[in-house]
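All remarks here apply to the structure that follows.
Lettered A, B, C and D in written order, each chain numbered from 1.
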Amino acid sequence: MAIAGATGYAGQELVRLLARHPEVDLVAAMASSASTGRDLPALRHLWRGTIEPLDVARLTSGLDAVFLALPEDASAELAPTVAESGARVFDLSGAFRLAHDEARGRWYPKTGTLPDGVVYGAPERLNGGLETARIVSCPGCYPTAASLALAPLVRAGLVAGDIVIDAKSGVSGAGKKPTERTHFSECHGNLSAYGVFSHRHAAEIEQEVGCAVTFVPHLVPIDRGILETMYLRVTPGTTDERIAGVYEDAYARAPFVRVTGGELPTIKQVAHTNFCDIGWKLDAGTNRLVIVSAIDNLLKGAAGQAVQLFNLAFGFDERAGLWG
Amino acid sequence: MAIAGATGYAGQELVRLLARHPEVDLVAAMASSASTGRDLPALRHLWRGTIEPLDVARLTSGLDAVFLALPEDASAELAPTVAESGARVFDLSGAFRLAHDEARGRWYPKTGTLPDGVVYGAPERLNGGLETARIVSCPGCYPTAASLALAPLVRAGLVAGDIVIDAKSGVSGAGKKPTERTHFSECHGNLSAYGVFSHRHAAEIEQEVGCAVTFVPHLVPIDRGILETMYLRVTPGTTDERIAGVYEDAYARAPFVRVTGGELPTIKQVAHTNFCDIGWKLDAGTNRLVIVSAIDNLLKGAAGQAVQLFNLAFGFDERAGLWG
Amino acid sequence: MAIAGATGYAGQELVRLLARHPEVDLVAAMASSASTGRDLPALRHLWRGTIEPLDVARLTSGLDAVFLALPEDASAELAPTVAESGARVFDLSGAFRLAHDEARGRWYPKTGTLPDGVVYGAPERLNGGLETARIVSCPGCYPTAASLALAPLVRAGLVAGDIVIDAKSGVSGAGKKPTERTHFSECHGNLSAYGVFSHRHAAEIEQEVGCAVTFVPHLVPIDRGILETMYLRVTPGTTDERIAGVYEDAYARAPFVRVTGGELPTIKQVAHTNFCDIGWKLDAGTNRLVIVSAIDNLLKGAAGQAVQLFNLAFGFDERAGLWG
Amino acid sequence: MAIAGATGYAGQELVRLLARHPEVDLVAAMASSASTGRDLPALRHLWRGTIEPLDVARLTSGLDAVFLALPEDASAELAPTVAESGARVFDLSGAFRLAHDEARGRWYPKTGTLPDGVVYGAPERLNGGLETARIVSCPGCYPTAASLALAPLVRAGLVAGDIVIDAKSGVSGAGKKPTERTHFSECHGNLSAYGVFSHRHAAEIEQEVGCAVTFVPHLVPIDRGILETMYLRVTPGTTDERIAGVYEDAYARAPFVRVTGGELPTIKQVAHTNFCDIGWKLDAGTNRLVIVSAIDNLLKGAAGQAVQLFNLAFGFDERAGLWG
């Protein structure tokens, strides 16, 4: 078991989760950055290694599993090679998320053709399907919160008309590299919308939900967590009970989805956990439905979900390393 | 000139704005709370008075103008009496905002019949109309940001279909009284939606915009400021230029509305000012329009707009006391 | 095993830590507040119970251990009764922290005489001593961070002259009850000193460190964590190596103290953990020493340390339930 | 009147303050950065210019006054040239703050010999003295808050023994350039000490206060503001009244210093103002004194104080442009 890209925010969470995972022996944590040779001070009690330089030979030397938390172009190049060596690859980048070449070419132009054996890893929609996966493409953060809330309703035929997704994310979602827009003094006391009609997660959401959406992400001055508020009309006659039933059918055996009904979820409920909480309010007179979902962007939206997929792929308890 | 309700967040801003206003002599700042007899430490350089107990006799003793920043039931009772004395009343509560008795009865049940001489004070939609006002009802914070963005488009016939308003507010909007949901440890690092299908500002927005909306407010961990993201479809063929033209027509002479085009506004641009900034993105292929507006909830959303209305009502420069 | 006071911030952490503790069967979580009958939404995956009303009969019905996270006067009354029943009591209040009656009478006037069998539970200074404890008094949050940093140096005779402790705490340290000073709008963007020469933790620090200190706590706009900066002069000739040696001797077998040398600790390193990190800078020319220590106030400063003491008292691995 | 360095945080405040200043005609705002050619969106209502490239010819073409908010090496080179042209220079960098060559060589090695006509501009300690100044060196942010609190007591002979200054600053004090330590995700929920025994403001404080100090700055997750907590022993017999008297003598005619006695100041009281608030607590039994001072680092700690000095140097009302 090795991690490539261990010093970013998602990468550090991977080190933490895998170092304490009962079934895992973390043999190497690699990074291409200047931080090689150093350890991770906050994790010293769990992991006594130091960050190594990215080493393809080692990643292809007979490991069972390799996690990639790299930029998409690096992943696009490295993942097939690692998979060829027999390791199962869990890729946290966007390189392999879009199934259609045209969409992938538009939103991830550096990633080329999709290799064989890629599975988009939405744990709650897979019904198995990871057995033969050579590369598990881990879902994006915004798409995870949106798809878990919307896909069951769309599949059940309850959605009529436009879907609006107003998404709010903590700043760690923008990565570890300092930039003007993630500078503390710019974010503190501030709120902003970005990527309107131009964020590539919209294409991923549409692929997973199965219909068009209007998706606008916002940057909010918190460290971690995503809250998404979704607006749509349901087909006439849809009741709260029907909606509850659809979610119940979808998630009765999903340990990391908590359906909260009319109690709308908040970020604090899910921060530092791998849960996705989903609640809603229906205005029966007008058939307007508002759904709110919340996740920790670094866990259910990245490293936690990757470990959940690893557990499923290797037949471990889905919750191993993620419960507590 | 006197203020009743001078110790809440909007009330303190009123003291600050009026104490430095070149045309104003602030003779009394009153409150019903335990803070009477104290001064306002942060404002000592501008105002050397102390907070007095609420005194109706004094408020009706021949003042030119009285600002009420009180709970709606207190305003509903007090405003007509003060207006009767000849003072023009600028009321910051919701008591007089809804024109229709049915709506007012539902959302503000303690406020009774609307007295004569009430004008809803949207400075940018009034075209005069304040001359004969005896009670100027100052708009709510969320409705201000929503209506300035939406009303011109609706009037111009550019809106087709549902309007969604996803609003985010700083915590000062919830007032000065400590509660569990405004406790620091509950808000920090957190985000939540509230008042879905049950917030009375929705009725005020619908009155001002002239059509139905879906309105969901959110509490975000900043002190002051509101950002609203609005979603709608425009009539086919609507262009960016047309939208810009509609706003230009509406706000060419409005000193406190800044139309920012494709540069979407942020809270920081408007915090501590009386501006409302409005920007948008149009997806021409699908006619989907996303509009973002931002205000400081305590200024353009409360005390600043009240002073702006006072300036207009008394024929002063609209910007007096508000520019700098 | 039961908890009395399970709905405050420290109490909820206790529920979380004990619900997942491998050696614990949590039979009851009680509170005197209005929240009885409800569950703890964020902890549903770990603990499926509901909060019960405080029930002395049950707390004295043959349990092995009882955790009290109650106001000090409630603890002072309840703890001896519970201890009498044979349960070992882990008390998180200040009721039993001060050994001398005079000091206790001054700072905790409602707590009466110290019962038999009380042990002040500083895990790193105990050298056993919990075997016969009937009531383990868990240290205060500020004293924990201060004493771990200062006590070894004082004992080694390295301190010459005054000790200044400038302490900064997150707002959860002020508890769950909404107040004006913990209202979000008052804390956000703000900093303040409080309790100068009048905070009872100063007495506890002096008891544990063994000499007088000047202690000033500050409220900072973060949710959790304490950082303390300590200023003193060391005896001439004291070197960095000597200081490192003293800490090494004190904490070589203390799993939850991490001595970081010249790398000064930060809150983020310890948040959501039971660690106390300690670093320092010595100005050899002037013998001035600055020490910085950091803890999570709700874990090492409250619930985590209580569980650590429980582990020691019952002979479990000191880290059980606290590592990960 | 021109500004060089108009796009940093202090520079933008200068543009705002000078654009609205009743006696000032701001003819140019320059920057060496990539932002030339752009305007300052938040200030469009006050200033309609665009940022120009740094232009020495223009800065030396007969202006009355030039404000420099540049890195110290740029200031060290540019200020004498501009002063030579007859303009009075208000320099916000550290280039000219330290009077002694040795100290300056150590802490500001790129700045060379001190030119003639430099005055360290502490408005409250000057007693005139700006008439002949050609270059006014504006005090540093930390030294402003420390010296205003300490200098009067030291001069009055009330200080016995060591002075400790524990300073906490908002992140805007670290400037506008994104770095790892000012990245939002690193600062949020975090606190850290830095520059222990190695911050150059310590030398400036010692120069201004007249004795040695131990000074440790901390980075706190707020945008703007500095709070400093100072610890010392007073000479035996010193009373609260004596301390109040010393401050009264020092600041009776200082409009921007507010002595708050036993009510300790907070950041919120001074944010967005040019005030320095000073309060204290004396423990008469032990002669220990704790003083707290607070300023807005960008105003009294930078741009506001520079404008205050400009007012004094040109004989305007000291408060012009700064009151309101």
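Things to note:
The criterion applied here is as follows: a contact is a pair of C-beta atoms (placed from the backbone, for glycine too) under 8 Å apart; a residue touches a chain by one contact, two chains touch by 3 or more.
Computed from a predicted model, the values in this text were never measured in an experiment.
The chains other than chain B, grouped by which ones touch each other, come out as one piece. Each chain gets a centre from the mean of its Cα atoms; the one farthest from the centre of chain A is D. The interface holding more C-beta pairs in contact, when C-D is weighed against B-C, is C-D. With centres defined as mean CA coordinates, chain D is found 36 Å away from chain B. Mean C-alpha position of chain C lies 39 Å from that of chain D.
Work out the mean CA point of chain B and of chain C, and you get 46 Å between them.
Residues of chain D in contact with two or more other chains: 170, 186, 188-189, 221-224, 268. Residues 9, 170-172, 176, 178-180, 182-189, 221-224 of chain D are the ones touching chain A in the complex. Across the complex, chain C meets chain A through its residues 20, 41-42, 44-46, 188-189, 255, 258, 260, 263, 268-269, 272-273, 275, 323-324.
Those residues of chain D lying in contact with chain C across their complex are 161-162, 164, 166, 168, 170, 186, 188-194, 196-197, 212, 214, 216, 218, 220-225, 227, 229, 231, 233, 264, 266-268, 271, 281, 283, 286, 288, 290, 292, 294.
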